[in-house]
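In the two complexes below, subunit A is the common chain; its partner is subunit B in one and subunit C in the other.
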Partner chain A sequence: MLNLGLDVVTTAAILFIVSAGLLMIFGVMKIINFSHGAFLTLGGYSSVIVGHAGLNWWWSVPFALLTGFVLGIGVERFIVRPLYARPLDAILATWGLGIIVGQIITLVFGREVQMVVSPVDGAIAVFGGHYSVYRLILVGVAVLVALALGGLLNGTRLGLQTRAVIMNESLARALGISSARVRFMTFCTGAALASAAGALITPLSSVDPNMGVPWIVGAFMLVLVSGSSLLSLALASLVLGGAQVLVSTFVNPVLGGLTIAVLAALLLRLRPEGFARG
Partner chain B sequence: MADPVSSISIPTATTAPWKGPVALGVAGLVVLAVCSVAMPTFLVNNLIRAFLYAAVALTVDLLWGYTGILTFGQSAFFGIGAYAAGLIFTHLGFSWGYAALALVAGIGVAWAVSRVVGWLAFYHGASPLYASVVTLVLPIVLVQGIYSGGEFTGSSSGLSGFDSFDIPIELWFFIAGAFLIVLAVMAWLFVSSDAGRLLVAIRENEVRCEYLGIDVSRYKARLMDTAAVIAALAGFLFACVQMVVAPEYAGFVFGTELVIWVALGGRGSLLGPIVGTMLIDVGSAYLSGDLPYIWTLLVGIAFVVVIVAMPRGLAPLIAGGVRHLVPRRRRAAAVPVAFCSAQARAQDHAHDAWPALSVHDVQKHFGSLKVLDGITFDARAGELLSLIGPNGAGKSTLMRCIADGAERSGGSVKISGTEIGTLAPYDCVALGVGRKFQTATVFESLTVGEALRIARHRVAPPSRWRREPTLALPQPALDVLRTTGLDRMSDRECRYLSHGQKQALELAMVLALEPHTVLLDEPTAGLTKQERTQIGEIFVALSSRYRMCLLLVEHDLDFVQQISSRIVVLHQGRIVMDGGVDEVVGSELVRAVYAGESHAGEPRVGELNSEGQP
Partner chain C sequence: MMKKFSSSRYTRSVLAAALGAYLLAASCAALAADPVKIGVPVGLSGANSVVAPSVVQAAQLAVDEINAKGGILGRQVSLEVADDGSGAAGAQKAFDSLIFDKKVNALISMETSAARNAGLPIVTRGKVPYIYTSFYEGRSCNRYMYVDAWVPDQQVAPIVDYFMKQDHAKTFFLVGSDYAFGRGMLDFTKSYIEKKGGKVVGNEYLPMDGSDWTSIISKLQGAKPDAIITSTAGGAPNVTLTKQLRAAGVTIPYGNLAVDEGTAKSMGADAAGIYISGSYVTNIDSPANHAFLAAMQKRFGSDLKTPNDLSVPEYEAIYLYKAAVEKAGSFDTAKVTPALAQVSFNGPRGDIKMDKQHHTPLTMYLGQVQTDGSVKVIQSFASVDPGAQCPGLK
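So, the complex of A and B:
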């Protein structure tokens, strides 16, 4: 029972970490970044590179942030910016980018699964039971991500401008805010976050050229039901992630894998604003 | 973004529109028959698969390229058709009877699934992104279902080794090719018919379509049903030829590949997606063996480049090449549509007992903010009622509450005595309400004649197979066209019209609906003095000669004074005055409201209301 509760909380934390970058981009730009999966994969391979270089696994997080940010610069400039007025096309172009990144990684690293050394081992005793240490650490990481993003949005000038663009872009522009700069920074931050998330999930999932794909749909659905609010995303991760854990445990794992997508689609049909403002 | 459609459509002659497509189709069949015996077996095998994929790509093109519904789910319907055959042949054995059963089952299941998808994805007010999400979830759910089917569905390895029709590969080649050609010819006839233009109209401006009395969601759902059935049929043929089915054919990745092929070939054209699909599929059969990852990488790069830089795909290039090779082809010999007078429909005199429009205690609030509060008035046929008031008084909101039953928060609106309840805009149109938007809203890439035919869709459903040479319009709409000279421009694309002409066209489209009550939101905004006078005369004629009830939102008091029969003053969501023209225009209250002294007139409100009623 306690394990189940921890499963729910840690699953929600993982979903939150994986979706946060996508939410940033969707919230500000109203664009679904379907190359999110490719950025997750990029982060995964950042861990692999760090491992090859003989560095401690924890170096892979800043390294993944950096690679994600740098690739994000190019993607924003050449793919996302021209498609700002065509949001459905942006989905397609970023999906195409995902194909490109996947193939390049395959060409460089090969198709096989890469091994990554886990940063912490085993389980610790929690309230009389045993539980994976790393999953518990991720709960802390999720809180850190939320606090950092919240601090960025509420504590900096760029964050204030970003919130203005989220609420009313044309008004923000009229007030002299460069929405192009806000969008640029948002995309790069979102891409960096996605990449870091990819590095963070390596101890839990295998690293291969398509490792990001299974995560996209779940993250995508969570973001759609959350709108542009981090709080809604946390709530959605907890509720839908919890439902996923429960269905996987008590019904069957295949249905569990579908829970988020199906529940979110139904929720949006009945309540188009999803978890936002409610 | 409006990209013109069917750039490679060869001009359709008005006399026998089916001749061109059918002749080309027959020629295609002959070429097919020759190729089936002349080509090497490896190529024949690959082309069979490419033909069937191209058929599915064509449905993606109809949904996405023409109508604007980005779908990732056509692979699921293909998979349903294929698995129906695979499952029945594996578990029951093969016979012609079972084959027929599999075909019916595949199509039936695909249709039923499509109905569910349609219910989920298309409803009044749904966002296009949501529809895409639903089509994305569908193949994912289906594939997981196949995985968990164990022995029965063959799980991740699929089903193979079942028996199928014992016919030679050359014949399959002909069957698959003929299937594609017949489909392409029918699609061609449909998209270039009068009814087919509605697809483009929906892509360009869904809201305008709804306010022209068209139930867009229903139309999209029916289109998806048709596309689902076609994809299932292709899937059935695929399973019969290949004698293998696998989850990948139903999956989301295949769904995205279909979109990629259509995008590369050229969305919104018919030949583009077919050529795109066949080139890439056959190309990968030859090249992916030698250059396994490079090939996919190149396709990915081409896809991104096309989406970003050439949204219409390679079709315009192909079309340009064809035109270059055949320089003296008759170009667009289509005769412009001629307008004629529609027979006046029998007037329903039962309605005359009721006011054309009756608004009672209408409220609208956003949270605690009250935008409209206790709005009550009647308007009769033949009245030209102007709504005035400062910005933010709630005038446009009131218009919306009359034209869309779901808008208001409280109160009742009756059109000719019928309560609108929570009816959607297209049902309000059926009751006799026509609404002209504040900014001129037309269909940029349709011609004037096509746009007007869309407006007649509800009254006179257009042909699905041809273009009619004439378009019958009610007299008021014709008057507007004649006065503004638009009647001589029926073949001009709306995007090339001036602002004033767009305003006039939209008005004519609204009048083509044969409304009893017309809502006009700032119809003279941005017009020249002369255009303004012209349109004012038209309004007066609509109310006095054609006995329509006009509700007009205007800022220009002089204009209002000249044409109105009655004026209602709105201020901070309430009616502060309702009376004859001279009475209102001359009143202190109106001056006070416009000068911004919000409370100056309040004590007089009740008094004026009672006096002001005609």
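So, the complex of A and C:
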């Protein structure tokens, strides 16, 4: 019972970390960044580079943030911004970018699975049972991410401008807010977050050129039911992630993989705003 | 009145004769230089993309060696490699293009069960001999297909017997990928365990591309088995499962029916302690294996991909095809196909002869992965019979 509860909470935490970057970009720019998977993969390979350099694994996270941010700059400037008035084409362009980044990584690193040493190993005794230390750490990381993003959005001038652009872009521009700058910063931050998420999941997954692909659909569904609110994303991660764990445990894991997509579709049918406030 | 001999008619007939002579000469020249084409549909992309390069290298070495000694029946051998995407859709394209476009003389390759099952109807239609060089779940039968790799009847027993004897294991938990190979291997494992008096306390599957084993691992910890046996798709699923098992602190004896030395090395410390069973390990101490490894090293140098249980059968299969053609005295499918059951080849894995219902007895090795990623051989079993795989075929 305890194991199940911890499974739900840690799965929700992982889903939240992976989807946060996608949410930011969707909330502000109203486009789904389909190269999200490629940024996750980029973060995973950042861990590999850090490992090859002989540094402690924990350096992967800031390094991944950096590589994601830098790649985000180029992508926003040359791919997303020219397609600002054509959001559907921008979505298609990000999908193409995802494929290109995946192939570049294959050319540079090869197709094989790369080795990344886990920072912590094994399980810890918790309330009478045993549970994976790393998964528990990720819960803490998810909380940190939420607090950091919340702090950025609510406590800084840029955050205030971002919230204005989320609410009503034309009106914000009329008030003198540079929506181009907000979009730029948002995309880079979202990309950096996606890359960091990719680095954070390497101790639990294999680092190969396609590692980001399984996460795209789940993250996409979670973001669609969350609108643009971090709180809704947290709630959606808990509810939908929890449902995935329950179905995987009590029915079978093959159907569990479908749960998030099916529930998201049902939820949107019943309540189009999803978990966001109406 | 004498008919005037028309000059244009004369020109036409000269041209026609010249054209005919040219075509005859050209086709003679073509026939003499016509290479034997061996088609290799393999997973250059997709799940098998990690192991495909080693398979192609093994094929290339075999072809180079055979060509250096004069080819097959005087004709040089050329390889046609096609990507089957490690799946059914890609396999249909690859097999179609190799058999009907490139008109290969034979197909010799390793692929996923999904790809093989999709390709077999095309092989039957195209009437081409096909040597399947990958270990698989067994019982796939086609009059044109021969298998020179192991089936569960040869691979599972060493691991289960060892766990039951050495570790006194009575309860087992089985985990696999949800496709023909994963299910086939574990179905066989389950009935073998029960036949030997053990009990299977859990049997769970995840889709081939799934990477989240969380709920399965929780179930495993709840069931408290004595040992775990897994049969996932190669590459990523092996790595994610092992990493997540170790992260959850699972340390019971762990038998992996589907991991190779290369993948085990890339898992680092997480792979230490895993038991594997197969027909090839790089430290087999035989003259044939030493010669093979030296030749591979010389041919590929620093680009060499470690020879493994999926690539060495490919090397041996090409030699088996050569032997069959030489015995039949022709490349004609109707003559070569029965000959494949009659010839044998002594390769890195020992003597291979596909005379047991299109499958071959093999020497199997039980090994354990060490902390440095190498595999230590614990026991070997000579000439293990594949059992009755295709009673319908002779």
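We take it that the second predicted complex is superposed on the first by the 277 of 278 C-alpha atoms of A that agree within 3 Å, B and C clash if a C-alpha of one lies under 4 Å from a C-alpha of the other, contacts with A are read in each partner's own complex, and residues count from 1 in each chain.
The rule is short, and it goes like this: contacts are C-beta pairs under 8 Å (C-beta built on N, C-alpha and C of every residue); 3 or more make two chains touch, one makes a residue touch a chain.
Quantities reported herein were computed from a predicted structural model and do not represent experimental measurements.
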Of the partners subunit B and subunit C, which touch A:Ser118 in the superposed model: first, second, both, neither?
second
*asked:* On the A-aligned overlay, A:Gly150 touches which partner chain: subunit B = first, subunit C = second, or both, or neither?
replied: neither
Inquiry  = Tell me the contact category for A:Arg269 with respect to subunit B and subunit C: first, second, both or neither.
reply    = first
Requested in this report: Considering only the touch criterion stated at the top, classify A:Asp7 as touching first (subunit B), second (subunit C), both, or neither.
Outcome: second
Have a look at where A:Arg135 lands relative to subunit B and subunit C in the superposition and call it first, second, both or neither. second
**Prompt:** In the superposed arrangement, does A:Met211 touch subunit B (first), subunit C (second), both or neither?
**Reply:** second
Subunit B versus subunit C as contact partner of A:Ala93, first or second or both or neither: first
Task: Quick one: classify A:Ile104 as touching subunit B (first), subunit C (second), both or neither.
output: first
Of the two partner chains, subunit B (first) and subunit C (second), which one does A:Ala85 touch, if any: first, second, both, or neither? first
Both partners, subunit B and subunit C, contact subunit A at residues 252, 254, 257
Listed in rising order, subunit B residues that touch subunit A in their complex are 1, 68, 70, 120, 123, 125-130, 132-134, 136-137, 140-141, 144, 147-148, 252, 256, 259-260, 263, 293-294, 296-297, 299-301, 303-304, 307-309, 311
Listed in rising order, subunit C residues that touch subunit A in their complex are 49-50, 178, 204-207, 209-216, 218-219, 221-222, 235-236, 239-240, 243-244, 246-249, 262-263, 266-270
Within their complex, subunit A touches subunit B through residues 32, 78-79, 82-83, 85-89, 91-93, 95-97, 99-100, 103-104, 106-107, 217, 220-221, 224, 252, 254-255, 257-258, 261-262, 265-266, 268-269, 272
Per the touch rule above, subunit A residues touching subunit C in the complex are 3-4, 7, 10-11, 111-115, 117-118, 121-123, 130-135, 203-206, 208, 210-211, 213-214, 245, 248-249, 252-254, 256-257
